[in-house]
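Note that the chains take the letters A, B, C and D in the order they are written out, and that residue 1 is the start of every chain.
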């Protein structure tokens, strides 16, 4: 059998995205062993929403069998996904959920992702203390889901007070600057809930200020994990593996082969999501994570994905 | 220095102090010595980028450099790889950075002077190219880490309790003042900014001078990229993104109008400080992001009302 | 006729027209389907927003001004429109009322820019960057998270067909008619006169301030129209939707032959420029560029197109 | 009763008082000349009337009623139309659109292109014949020659019918025929009862056309009298305030003792020049004559490395090439243009910065040593008696004439071998002109070789040792010795034309 799958990525501002594409392309090649030829067509560039809509339309023009997209907006693609569905194309979103009934989502639950690390932080603080949060881009749906996640968890702990929430736009330097300003004006904080690459920045600000008494969430790039183990930081990180697109691809190929999901994708706010497990790195399993990243470039993220067999097992 | 050039500096300086006081009132600790030091470091990073931006703007003919962010990111990547966490690699890294900045500055300069592409367009196009180049480069090479010496230079107190980068910034401030006030090159910058054809007839190598401004802007961005690498420890994609518009704003807040031929760097340094303090203050306020944006946008507009408003047509 | 005089006689959008034709040809060679009716309709509806936006941008550029807040206005209009449609209901009456309100918001944003830049005489680049932050903040305040859906009627109409012809083509035709009307009116020549030499225009007795302010208001209105198109094509509200589009609108205007120093250009050229910007991405993909090289090739192509446009267009006006 | 009176007009720019006590009374059907030295406030007075400058004091009465003029548009609505000394044209718009810019003809809200052309044609008709063969109403104004631009500004001033016309140095770039066409039109408007204000530094023109003359000195009106009742000498005396210098319109200088050959030009050909050959000796002032725009400026620009050229050039006996202004400067050429705004003043910068660049370039300096340079700058400024408020004041704070002196000063700091003067006294008052030509002569006497182009024949005749007459890019005649007469010059220029 032969399938052509289009991969669309609308932002190239981080290594995570590059790794995501690379792993998906790897996964496609792996199907050759099963006697299936999966060809990928990749569109990956910094584009705005219209630009990514153009990605989808280009795929439709090319007549691909499936489109896997890391979308720049949750809702903006409803009409164009409908066009794709009309053309008989399977659409799978990954990394950020989409509202379209014509697509399914294969990826992690961003809210659950935030809940895990928030719970880790709250429990590490014994359920009491003041915390601050450093968030991504305001108004971005993944960010807002994560915010909802940590707010819910911290709400369960009456002793935990969120004293400030700021936006670092998923930029390491902005995260560092935000942390630095927070440290100056909230010297008494006990914990920091911070996302992704900004965590490295926040940690740096804390180290520069000599504040090793604060607990903060971490991130999953090798650079940070090295610092984490070298300095025995007190941290924990939920993993949003760049392998999500590879997982989505493995699911897509199964669907293209006409198989049915054992459990239909009905999770999430839009009722079209299939959630992947979220690994968690804490001091206990830090060694394993380090080992897994041994020899990789510093920007490599700790990853995991559904193997072909894992994915196939999800189908009848 | 005449009053006309001095006034914006006074205003900006006054505003910095006012903001610090307001910050201390709203969130105690904002004006603590350590915090002032840390804000100054962030301002120095911006200020170094703004030095190049300032030169390009002074040179007139709608001079502007939108590619600074791309150069910063690329030079941070290159530097990180060359030094790769080792002090021994620092010197080669500095050289590599300067080369990167100079090359892209030169390309900008040639596009603007030889091909006569408007600077905004040329540097915007170059930014697109640089962003593409970064993706390619990152795919091929590891990201690298800052040497400990570089990190200490940027964030640890060194001489008289101040980190090296503040000394570097002060040095750049002095060098810029000397360049603009005491050298023939400086005078030529103002001349081409004020009236290029007349400057040409007065023996100014207009193309060479203007090209040099873009080269210098590239070099300053590259040095800033190196320092930002030291600041954040490791390089990451798009480190320089936030500097494009903020470097321009720092220049304008410092009293150099975008029309060129007039202004200086001392004001720009204060402008950078002003911008960083304002942003820092907003971060510490515990309000919704939409509120922060609304306040920041309005504050910028109000600040601009103090400066370089172009004169009316009826005199 | 000599080449220089030929270049001088040609309309300023000639270089971009040639570039556009080349783009289409290359796209067609690389992927024949990219010239199919579906693809063309897709191209038009995807880039209608950019076309409207760059026409608005061109209007202020004519007068030697610039508006870096158009993307933010577009986002603000998008969330206003979607929120108002939700409040007023998805029936035609509600939709039209919401559109009227959103249009007024666009015009209001333009007016604010005009007052700041023209009346208070702030420098356009920095002042409109300041307002863009402000408008983004307002959009976030109205809609803290992307996602409210637009009524079905609204986006079905935009994405649908009338008498078998895609609705997007009617919008495009409307835009072209608007351009012709504007270019024939006194407004555009006056903007160009102001942009050419503001002092001279003032001394001539033209109401320079009011012309420039009206330019900004017109730009705000075009940004609002662009917001309608975006809403039609995305069927939802997203405060961050205007991210990269501002700089693209400037690039499209320059590609189309407008001089940032004012006084030169055509509105039609900017429409063509928008299409070129849109086609570059597709072309890079259809040519089979490896993913990690796509950004670089795209950046180089845009830079080259800008250079070609300016070098040849520049000869015509030098 | 006067149609319009301005009394006690006062205007200051910061510390500079541009106009202290300006008075003028305009009568219908009268051509009112304003004369005054550079910087005396003529343009300021006119701009106040035209609404583009806001007065700080004074009283304006129109038909006996006091009025305030809130801007150019208001002035226009009051029936005042002005020709600006610096022109008010849009380079990228067509001639027709510029002429009718105030009020483009419209039909149903849209510009009526046919009507635009037809109306512009009508307004421009009086100047059609003198505008040149290449002139077209659809041409971009930016593509026109300076004289053609002035004609367009003149037509623009006449367009749309006003009752008061102001012309601020409208003839400074016009040749004789163009000036005459303009004067005929002025006469016609006068006959229709318009009041006309006319400013010129050319005394002959003033007496040819004026009815009444008002003299302004240092921002104050010193006299106003019918021209029939005054004389050139009196006007000059009033302008300079007592002491009268020698006249610029003197007889040609005695033939000089030619120095060694300085510059030899053979078969020079460029975009606008055809096979130009001549020699220039040290100590000589060689004039370039002929109708306007026949290649005189092009020759000077080419010799300063501003235009690519073919042909051989020999300087002090050695062949040279001039690929750029910088090379030309190094070879010892100096260039001064009458177009200060675009070619001269480094606007917005200080007088100091406007004087030193040539010196800094020639000495290949790296640092600017203010201490040592200041004395030098003061010295060269003093040579020309430049009036300024301190060498660090911006050049834009000076009047046109004083700006020109600053620009000339830059060539006096170091030795300049060949000085190229491209209509250097354009828009400069009589007294300053006198000083300037005296200086030019003294420079020649010290051994400098000078090429002089002037749009005023009298000036050329009075100051050139020899005159090359140009026509259509070629030298058609050389006037020497007693041939240097007005008649000969005019004949040579027109015969070939």
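The rule is simple: a residue touches a chain if its C-beta (ideal position, glycine included) is under 8 Å from a C-beta of that chain, and two chains touch if they have at least 3 such contacts.
Model, not experiment: these values are computed from the prediction.
Of the two chain pairs examined here, C-D and B-C, it is B-C that is joined by more C-beta pairs in contact.
When chain centres are defined as mean Cα coordinates, D lies farthest from chain B. With centres defined as mean CA coordinates, chain D is found 44 Å away from chain B.
Look at where the CA atoms of chain B average out and do the same for chain C: the two points lie 30 Å apart.
Chain A and chain C have Cα centroids lying 33 Å from one another. Shared interface positions of chain B, defined as residues touching 2 or more other chains, are 131, 135, 139, 289-290, 292-293, 313-314.
Residue positions 139-140, 144, 199, 202, 292, 294-295, 298 of chain C are each in touch with at least two other chains. For chain A, residues touching at least two other chains, in rising order: 12, 18, 46, 138-139. Contact between chains, per the stated criterion, is found for A-B, A-C, B-C, B-D, C-D.
Against chain D, the residues of chain C that register as touching in their complex are 181, 184-186, 189-190, 192-193, 196-197, 199-207, 263-264, 317.
Residues 62, 64, 111, 115-118, 120-122, 124-133, 135-136, 139, 245, 248-249, 252, 257-259, 288-298, 300-301, 304-305, 308-314 of chain B touch chain C in their complex.
Of all the residues in chain D, the ones that touch chain C in their complex are 50-52, 71-73, 75-76, 82, 84, 87-93, 97, 101-102, 104, 106, 109-111, 140, 156. By the touch criterion stated above, chain B contacts chain D in their complex at residues 2, 181-188, 190-191, 194-195, 197-205, 261-262, 313-315. By the touch rule above, chain D contacts chain B in their complex via residues 13, 51-54, 71, 304, 306, 325-326, 329, 335, 337, 342-349, 353-354, 356-358, 360-362, 365-368, 370, 392, 410.
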